[in-house]
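Worksheet: the structure to be examined is printed underneath.
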Amino acid sequence: MKPESPSNLQRVLSDGKFAVTAECGPPRGADPEIIRRKGELLRGHVDAVNVTDNQTAIVRMSSIAACVHLSAMGLEPVMQMVTRDRNRIALQSDILGASSLGIRNILCLSGDHQTFGSQPDAMNVFDIDSVNLVHMVKVMKADGKDMSGFDLISPPRMFIGAAANPFADPFEYRVIRLAKKIDAGADFIQTQCVYNLERFREWMRLAREEGLTEKVHILAGITPLKSEGMAKYMAKKVAGMDVPESVIKRMGGVPKGKAAEEGIGICLETIAALREIKGVHGIHMMAIEWEETVGRIVEAAGLSPRPQAA
Amino acid sequence: MIVGKQKSIAEIREIVSPYKKLLVLGCGTCVKTCFAGGEDEVATLSSALRLLFKKDGRSIYIEELTVERQCEDEFIREAAVAISKNTAVLSLACGAGVQAIARRFANVPVLPGVNTTFIGVLEKQGLFTEECLGCGDCQLAVFGGVCPVSRCAKKLQNGPCGGSRIGKCEINPETDCAWQQIITRLTALGQLDNLRKYNPPKDWRTSHAGGPRKLVREDHVI
Amino acid sequence: MIKKIQPQITLFYCINAFNDRASLSVLSGVAFELKTVKMACSSMVKDVFLLRAFEAGADAVAVFVCPEGQCRYVEGNIRAKKRVNFIKKLLDEIGLEGRRLSLHNAESGDTENIGKIFRQILSDINDMGPNPAK
Amino acid sequence: MKNRKKKNVFPETRVTPSRFRNTIGKYTVRRNSRCISCGLCAKLCPYGVHQRYENFNKSLRPVEHKCIGFACRENDFFCIDRCPEQALTLSLNPILDTLGDYRWTDEMLIAHWEMAETGNLPAVDLEYSLGNSGGGFDKIRFKLTETESCSGPADEDIDMSVLLNKRSDGRPEKTISMPCYGGGMSFGSTALNVIVGRARAAKRLNTLTCTGEGGYPEEFVPYADHVITQVATGLFGVREKTIQYAPVVEFKYAQGAKPGLGGHLLGDKVTPRVAAMRETVVGNALFSPFPFHSVYSVEDHKKHVDWVKEINPRVLVSVKVSTPSDVDMVAVGSYYAGAHIVHIDGSYGGTGAAPDIAKKNIAMPIEYAIPKVHKFLTEEGVRDKVCLIASGGIRNGMDVVKAIALGADGVVIGTADLVALECVRCGNCESGRGCARGIATTDSELGEMITEEWAENRIVNMYLAWRKEWCMILRRFGMKSIRELVGRSDLLVHLDYLEESERIKYQPAPNIKLVI
Amino acid sequence: MPKKYQVPVKAAPPRFKPIGKYTTIEFREDCAGSCRKCVKKACIYNIFKDNYKHVAHMAEPEYLYACQSCFRCVQECTRGIFSRVINPEYRSLGDDYWQADVIHRTWYQAHTGKIPVSGAGYRGPFVGEGFDSMWTDMSEIVRPTRDGIHGREYINTGIELSRRNSRLSFSEDGSPVDGMPPVFEIPVPVMLRQPKFGVLSENVLQAAVRAAYFLGTMFFINPEYYSANLARFADCLVPCLSKHNYIDFLERAPGIRMMELSYDNESGKIISGLRALKTGLIISAGVPLNSEAASRAVELAECGADTIHFYADSRGRELDSENPRFIKEMIREVHLRLVGKLIRNRVNLVFSGGIAMAEHVAKAIICGADGVTIDIPLLIALECRLCYRCRDDKACPVKIGDINPDWGKQRIINLVGAWRNQLIEVMGAMGIREARRLRGEVGRSMWFEDLEKENFGPIFGEKKVSGLV
């Protein structure tokens, strides 16, 4: 592996192509087959695969290990890393390790609070926050120094991602926070699932006004809905999610057996709309435990085939 | 003030059960204010314990006393006579008070009757909220007087997480989002620019990360 | 010879709600001991007084307060109610049964109701047995 | 003519609220936790019950004594109904059960606190003119007139002044601008700031106050023109100098509340300064003898009066006596001995400390003594030569004019001054460290609870409120001067002396059974 | 100079917390009381601190009622959590004659032996029923002693209980025809009488009898309660006997100096007989205070009783009447009847019933009594709360039966001492040096009706409302 070779995702984006990423949750177990099977479902449909880091604070196979498995299959992973579970020392060490294993993309997150997970009695860390993490990776990469200022013998190569939620409050502040992440060193941004297009457009408009879309690649989040129940659940129970009433109604308006189809239909419409928005450089598919649908959607949306890695 | 909550009767019963003569020692400052360890709570708890043990057919002698503060020698001293008459002390002070008593009276078991919960304020009747973590490096000037270290579930220093909704925190819809409050307040103060600045990782050495802390005032040491 | 022990009831009452010990005469013929503590407002019951009544050997403690919204001190009866509920929980924790403590809205002269309340308390004591911490 | 100019002195009101955080009112307004601090009540209430700091987003506790109570229901600003959260409750303040007594009712006390705060008669529906005693002033009323005339002279054109020297004996024809002056409260029994505050008030109102028998602290000197030097049986602090300072010297033969007893100052109150003033030992209880050791007869008394007149050729002499059955004789005797002012002190008056048996049982109430003395002086033909001052149980503004109509020229006020300073009449003036409210005490801490200025303003305000009441009465009878009212007992009625049909036209006195 | 009579008082603290008048209601939930300005810490009477000391030991919240009513906690509490209330027990203490404050002041006097003193003015009604419708006179100049409260020992409160001959008759040889009658004096015009109810245990009787003995006054005792234990106090005992048992009793109880014979139509005869039989024995006649009282007084005075002791009911009312008059009027009637018959000086009149306060002693004497007896105040001095539960054989809330007789004795001595000082207060103000001179001195008193008529009559005309209210 040549250290200077950039990530596939970075190349797709810098080539000005509409990128597609998808999410892939590692298993609650040690079996690598599961992650390989999931990877197989995504092969050819996406430019990179996000591997979550103990998502929703439930213990799973580590993100780094899962990334390595995918990498070995020839898929490009985006390693997610949360500040919830590691202090700054562990974070840096893991970044160096990940880089050494050929992982070239990182998505810096603060992580879901442990109260939502299976072990709410855990102590959290939150030594630094996600903006600090972005900045930390940036400094490691660009200056070749760790946080203490020590010169790293070989700096990690990472295409740095950060998350943004255009739907959380306070809305006015969301763009400021985006700018902050960009200033800290984010190369790309993956957003929370978009159902409320209107609000997303508004957010993008503000981001454009601030000139942020020139500085960063924004990938809009997409999650296909399976049922009315899921839509309702996401609307009510999932933090930071904005599922408008109209979407829930739409999901409920079709017979039970047709709901999944309707969900996919909504996705496709959304993707079509997103592609019209200036500054949106790609989508990020979060098909929760429904990876098989990603390929179908990508194809139907006319985003297939994906550009080949050089 | 330090906010605490009395332990459950079952737990207290467990820890006091080896002793025959017990001093229930209240503290008249913080824990009194949050109704965990003042004169009234001492009286109520003592009475409850007497009933409890009597019900079980056990006899226990319980003495009641409340001093102004269990964390200051001058007031601890006032308890010395009562302590010497009993085989154990059930302290209704915060953890500091319990340890201060333990340190001053080497041969007496000192048992905690209160869970020290946080440093907070009485927001309104019956509602105490945490306001400070004692991190040792106060940045409230930047945050418009609202502390993200104690009041944000993730101690975020650079803005709200994606879970903030209608001013509430994602982990509990009853909890106000600290960042929403910071933003509201800074907006009102016209200091929103504070938030555009990047806040570097916090130096936690002044907090618990640095181990038990000491504060030395050289000017007070002779 | 086993001496039948009479149940003991301690009654705390607000004189604005109930100040008519004569109406307790409806209970004549029922064998129990009654100890009364009158208060200028039911909010004068402190947690500790209720417990001390049990310590003093009461099998049940009743608190008579004014009907809601009619307290001379505006919220005294509400305070009393909350304290009683707190102590009920505490009694449950101790294992004395919170049922031994009860709060009633009383009105002077309503002897029928008062009789009913006492009969209920006595039947409760009968169920629960005497105060085990006597 | 100089004096005439002075008669309508009309000091300004300086609003002077209570020293205490929580006020006591007739009604209680409570705010429960439903309150969302919206601030509507503060905007609505024109009486200032609900207040807000501009920069503080929580509501403050209601200022209860300003609340006009259930009568407010009619108003569209009635906060209880308008509160969007129903967080406010209005009720009669149950604390009133424990406040006041038969003579000074709860409402009378609260009303006087309000007068002392604002200088106005209270807006709240309080009965402040009638006590609950069931006799005397509480059953006497001014006759109803055909028309309740509101026209007539304006307040500032009504003359309230009283001429103290009617003897035409070459001594100053001193007047005071209102028909009352302050009774003696000694240095030692009452906090220094209180008595100096009274002196300052006396100066502003152009009237007098009295040293009591505890001597003449130098703090009085700036107000010397308004301070009576009392010569009592203990002769504490009586010096040539203090006689020379004084416009009036008062011989205290007896005090209504404890007739036949000398003053009594408990040891605790005898602080170093008090002891120095009284030339005695710190911490030693002081009993004044009774009566004057040198007075066995009217002739002896005359010698006393002459002695004082000799020392200060400009001084007027007042003789303060209690009300035995021969009070009329005593009054005439005093006059013949040379007194300018005969001051009769009835049995129900106030005091710092007196045996309960004396306060209740000895000597007659002032309501009887005034007409008795007035009549006798008139029959003797000397009524016009002497200024008759009454005191002892004269509580409020209406009592003042009733006393004048019964025959006094003016009255002396003690307790009401203290009520203006928020006395609650708990009666523990002498026990422990003294007055818990910092009025009748020399305790180093309690004695500093009141400032001179606060005391002055409160007292002035109360009299300004009273003056409004007096003016209404005088206007009702078409009078322009309080002097016209003297002895006009024909304008009075007594409820017990009226036929039922007549009686119901008058406001009945409160008749509440109190727990005593 | 002879030794002057003085009552040595010394504090005898109550065994039970007296029922206080006020306390505070606090909404404690609004504040836990750890504020720097906490009024509970600042209370100048230290009420709250003391309350906490008690809370650990008391089963009942009585100790809460120790408030002196200064309202500072109510007004200064930063959170305004206080309101003040009257103790409901205080509200139901006593009745409308034996009022709560009368009981309270009696407790105070029995405790301290001091006279009740307070600040501010008189706080009661203008005028009241009974003794409350009269005032005593004072004098601006005339004084029995000239030195304030000093020199009071020269005021004599003593009265006689023995018969006085108005004049001596001599035989032709110049020797007195009758022997000089014995002179029997007591130093206070207040005698004690065995109460009609209450827990009259041996201890209680001992306390009262020893107090009477110590004070030099008399104790009127029911003969059934007489026991050998009391024999050494015989000097102060007055057994209340009837014609059926007086002979037996006098034989059984040696050393009795005075006895009382309950009145019936043979009383005159018995008294004459006794006089001859027991010269030197002081004989009192116990007479119900009813409509016949005045004529019986005349009858008994004429047949040679030393003292006539009239019994009104416990509230000082005439007996056997549908429209009873008050003892004040009854005393006037009896006294004036004897004066009218010119025999007032032969006998001494003692009245019992309704004497609740020191002022009643002075006023009864002014009305024409020589002395009074008290019973209920004795019980109150021993902390009685007049709950009358003993009448139903229920337990005494203050366990009067178990008192220490020495403590009880001191309490009663304190009470009588305080009353005597108050009597002196009144006599001093009036300028009277002898209690005997006070008797019947209505000229030195003022009566409501007279004052009204004299002073209000000319102004307001005729009074249309009868009575006081």
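Order as written gives the chain letters A, B, C, D and E; numbering starts at 1 within each chain.
Keep this in mind: a residue touches a chain if its C-beta (ideal position, glycine included) is under 8 Å from a C-beta of that chain, and two chains touch if they have at least 3 such contacts.
What you see is a predicted model, and the numbers here were worked out from it, not measured in a lab.
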| item | value |
| --- | --- |
| Of A-B and B-C, pair with higher C-beta contact tally | A-B |
| Far-end chain from chain C, centres as C-alpha averages | A |
| Most widely separated chain from chain D, with each centre as the mean of CA atoms | A |
| Distance between chain centroids, defined by C-alpha means - chain A, chain B (Å) | 40 |
| Inter-chain centre distance, chain C versus chain D - centres from mean C-alpha coordinates, in Å | 50 |
| Averaged-CA centre spacing for the pair chain C and chain A, given as whole angstrom | 64 |
| Averaged-CA centre spacing for the pair chain E and chain B, given as whole angstrom | 61 |
| Sequence positions of chain A contacting 2 or more other chains | none |
| For chain E, residues contacting two or more additional chains | 28-29, 55, 83, 85-86, 91 |
| For chain C, residues contacting two or more additional chains | 46, 48, 52, 55, 73, 75 |
| Touching residues on chain E, where the partner in the complex is chain C | 23, 25, 27-29, 55, 58-61, 64, 83, 85-89, 91 |
| Residue ranges of chain C in contact with chain D within the complex | 72-75 |
| Chain C to chain E touching residues, read off their complex | 15, 19, 37-41, 43-44, 46, 48-49, 52-53, 55-56, 73, 75-76, 79, 82 |
| Residues on chain B engaged by chain C in the complex (per definition of touch) | 8-10, 40, 43-44, 47-48, 50-52, 54-55 |
| Chain B residues touching chain E - in the complex, by the definition given at the top | 28-30, 32-35, 38-40, 43, 46, 64, 66, 125-126 |
